[in-house]
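Note that chain A is present in both complexes that follow, paired respectively with chain B and with chain C.
After this line comes the complex of A and B, so read on.
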């Protein structure tokens, strides 16, 4: 079976589609920006494109395997809204999407065979969407007589890199939220446990922004390199700053102009959503720069406080964004002790009030026992000293004037 | 009326100053902290953030300076005396306090009628005061882990990772503030419930007569009325 798609000669391909050199350079500029470079890098991108597999006369497209774990396919849907290059261009002319449960036209045995051949040939990228379910021996995601966990390990072993796409793939996401019955976790952690050393690129988000995956594909496929990653294996250019750092409502935050209630005049004026539980200050992602839906808008611009969907510690499923950020409209998450769920502020206030109440009661005790005017009279001798006269701490002299006797 | 004499030697001027700084910084930190957590006074938000970071830094520096000064400044080991020792010795276990923890607890719970003899700082008092510098360090650490300019430094981000992210770090910072508030309630209550003299000495260096304690004999040996 043919597993490698081919393209016509690069320039020919462009002119056939009515793409002028000028259009091409504009695209290169857009691609450079998507990859986190400035538009000044457009010439390098153009050169990379021209000399890449796409630009080659009979080049091989970069094979990609896209596997669904415990996912809602929301990240696939999101990717299908990619702006420039559009998903059709990516799928047909940039990569060879050899296996994708959602997007592939083929199905069944021939698909599985295509995947197997791609894995055998090597030099491909694995995109894994959704959480890894460890419970029940991985049977929850059993496909083609192979357990879900085996499918991941098998496909990841020979891949050049694994892209863990979406918060679920990064650390379990929704799947790992309490009580996490399926023992969901992220790709990086599972592969580490399984002893697979393939590098993992974590791309959290619920869903992941399409431009983020495109940026990574541009890096890997066109620039032939992995993007610069931070300590959590997330692309630095996307995940090293908070939403708050680049928020368009930041000016209102600085001015102290806040929305306290949906539907209020403050909301109409586009004030800062911080009091409504916005997780922008603690969520790292460049949503406000890349934006969503063909770069038209994004959550905060459209009036919704950030709910922190990009929070995902790859090695800690307990730090999934749902657990960490609910209830979304409160400034604090809920804490849980057994089945008892509470807000930190409520418990802190109750404890403080109990202490204050106890002190007031104690104060009445002090009043009643007559200690408020200088305290009770001092003991003449420590009780311990009275019991242990041979080892007495104090050197009590009966001739000394004793305290509290006047 | 049976308290010990309140002499300036118990709280030398440098410690009066550090105590003032602690008070002002903590009050401002708590007010601004509440405001940062939820902007009750929106127009105050920008100021609150600046004041919060500034007071946090001052509180931390003040704490370090206070601990260092304990080795160079002398203070009285007990109340009711003008004798002085190196201040750090008054923070270690003292003979005057030995076997007195139970007595103090019983006294506070009204199970013991007479006032326990002891050092300048009674047993529960000393233990709780010693927790304060530790608490200040925890607040500084969690605070810097939440402050954008320092949150990405490995020393802080490693801790953030350990506790489960910035939200957990925020909640720890928040709970610790309540520990301060509860401490202040108890501290202010106990320092003043038996009379305002300790407060007048601590803040305004105003002396007050009372019983005289001999740190050598570990007991009360007389009275100094100071013409009251």
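After this line comes the complex of A and C, so read on.
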């Protein structure tokens, strides 16, 4: 590359500002080390690029193709917030991210070429972000004059594994919520329909927490294995427990100390958000342990009830987090019959009933989670209520009241 | 005449195609096509305004706070709520954190790779780079020697990762014009920016639980309560970000700009600008926001915003019919037809999922340039002072800011302005808390009504409107900044703003039209935002939900 003209411009710029070139011999020792490497590296890169836009097809980095389907780019954005390793370390020292619509320097045909060459070379992971849209023969999503569905199948066929990143990729996410106008569904279901047998790792969340993706990359890249998955192909270590299991406000739940209004003094004391609709008891993920944005906070810590954004049945777009959990700040979802929507016979606003209900919901959640085979012996009357009959919040029938904890 | 196509456009949010006719080395015709339809407005139908403020964030993972904010404002107008002073300040901080995150990420990690070649930095002398950084008055936080070594190790391995297929050799190797030392400095700042955008997101995470898609912004105010342990984190983070922005972004812009001065000569859009305003002042007036609302005509004459002047036209997009609707409205139906006319390579009359909005019957540009020009015309002191200093430093007139380079550069002024405001708002919040004000959330006065949320996303003017009956949404309309900028031809055949900006852009190599890419990136387009739809709730089939309970 010709740089003479610009070099003189900079020299001019330096002198204009009254700065002479300092004696950079001070830095010489360190420079020499770097220079030795550079002389080696630069011709190699040039040589590799002559035959291929992705450079070497083999090396220390694990090839990755990251495709955005019908996405909001939120999961890529979320990846950019990864804490340790940080995103620069991931793309320079762990993986060769050969195709990523948001981060790649390339554009247009050479971008598509990079994808093709990566597929051709094989031994790569596909990260797929966003929903799969079937409407108009897949034309609801068009990239490089191809449909989103064809692009997915082509890239998935030869991949070692597909990471369906975020709730949209797992089952269509909010796009699949009624009336699902673009006919959205998840990667696993679509690939099954298309006869592609590449293993799918489902990582729901809106967005997916970057630490989850990085953990999977560590499994694949550094430990050369796929993470242990549960029955829905979700990594067990992330998705086999509920938010409630690990919640920092759990003690207040047990004590019957609740927040009943946003931004209230109870919130300042960090009480439990259950009466405001928190979906922690039925939503499975480890948000409260991993936390978000360099571990700075997470939803419940900031005063917001969990809205269950990790809820995603990979084989049923109808069971997406928006449809299952709205209205978010009520305890029960709306019932939809045809065009008619209503809130079921509501106990939601009656405080005492809500708290009594909490136990049932809680126990039910634990049974569903399968960690209490044969049904749990959970308390019929809360221990705290039994000890403090004058302040008891739960409502019990007579037998339970007599029995207390059985 | 030759055809040049960039599809996919990368380093943006969402899916975008640009097709250009090139005549005598310049773009003579352009078609900008948004590639994805998802159907947001239909999904929020029959849900609550509180739900909507959460769901609409999923339009865009880069500017979710703006969508939540605009939706909450619409909800508050429908509900008859005026938010508390504390909620106003906290929401400004949350919005500001997102703007800082977005602007830092966009400038360094998305747009800069059109100007900076990290591979060329391998040829740099780190000691010279240090001198140059001092001379340019930009920050020297990074160890240039260690960085060069890191890049060399990367290059030595030979796999190109995110640089696969880069256009660094475009225009016969002449497209990237920086000295290797400046490439090294800017690569260092690219990596620092990755950290700083995350730092800004950390502020959003602190105030909103997580980012993207914050949790605490709700019609009525905020769920977040500032305890001392949260306030000290907030104070420290905001100061750290300000210091980096102040020492790095404008100096870098001024260092890069001289090598690309040519880009001041092209890339002007339609020359009309809209800004709905962002960051509420105590009086909550649109024209008195920290970045105020306003509309500028071809002569940059200022007028106030009127909702009834906003229309949308469907005739060149993949929707049924070719009417023009006045906002707010809730009718249109998606229908894909074709991109090319069958059997030809002629672009069809309908060629995009993006609709065509107009203000006073004409296309208009939204974004950082629009906001800064409007703020300048409304005499916001910081903006006037900085814009004057900036144009003087570059030796240009204000009019030349209406160009690819100008549009790219002025956003750094806005970034510095917001970084400074964040510090003020933290002080303001501390004073309020100290004074005993503890009101963060207000309940609805009524649950039936309608409201509009005029607001700004980092990418420009954002509009949400909702009709609410008994607490449920009966009609929702969104017009998003990139819909303005990526608009297709209008009914009279006039180009949309980005199409118009592309006309006249020099293209040396139709395989790698780097100047067109620079022009597209100057708008910071976001097609994830731009495509969505409304329609009447008729003729759809529904499934009955099996379990009404939140628990399965």
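The rule we apply is simple: the second predicted complex is superposed on the first by the 285 of 406 C-alpha atoms of A that agree within 3 Å, B and C clash if a C-alpha of one lies under 4 Å from a C-alpha of the other, contacts with A are read in each partner's own complex, and residues count from 1 in each chain.
Operating definition for what follows: a residue touches a chain if its C-beta (ideal position, glycine included) is under 8 Å from a C-beta of that chain, and two chains touch if they have at least 3 such contacts.
Please read all numbers here as calculations on a predicted model, not as lab measurements.
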Legend entry - Touching partner for A:152 - first (chain B), second (chain C), both, neither: neither
Inset, instruction - Examine A:282 and indicate which partner it touches, taking first as chain B and second as chain C; both and neither are also allowed. - result: both
Inset, instruction - For A:242, select first, second, both or neither according to whether it touches chain B, chain C, the two together, or no partner. - result: first
Inset, instruction - For A:231, select first, second, both or neither according to whether it touches chain B, chain C, the two together, or no partner. - result: first
Inset, instruction - Look at A:318 in the shared chain and tell me whether it touches chain B only, chain C only, both, or neither; answer first, second, both or neither. - result: both
Inset, instruction - Could you look at A:333 and tell me whether it touches chain B, chain C, both or neither (first, second, both, neither)? - result: both
Inset, instruction - May I ask you to decide whether A:310 touches chain B, chain C, both, or neither, giving the answer as first, second, both or neither? - result: neither
Inset, instruction - Check the contacts made with chain A and report whether chain B or chain C touches more of its residues. - result: C
Inset, instruction - Examine A:261 and indicate which partner it touches, taking first as chain B and second as chain C; both and neither are also allowed. - result: second
Inset, instruction - Across the two complexes, find the residues of chain A that touch chain B and also touch chain C. - result: 282, 318, 324-325, 331-333, 335, 344, 365
Legend entry - chain A-touching residues of chain B, taken from the complex the two chains share: 1-4, 37-39, 42-46, 95-96, 98-100, 103, 107-108, 110, 112-117, 148, 152, 157, 161, 164-168, 170-171, 174-175, 178, 181-182, 185-186, 189, 193-195, 197, 210-211, 216-223
Inset, instruction - Flag every residue of chain A that touches chain B in the complex, lowest number first. - result: 231, 240, 242, 244-245, 253-258, 274-275, 282, 311, 313, 316, 318-319, 324-325, 331-333, 335, 344-345, 348, 351-352, 355-356, 359, 362-363, 365-366, 369, 371-384, 393-397, 400-404, 406
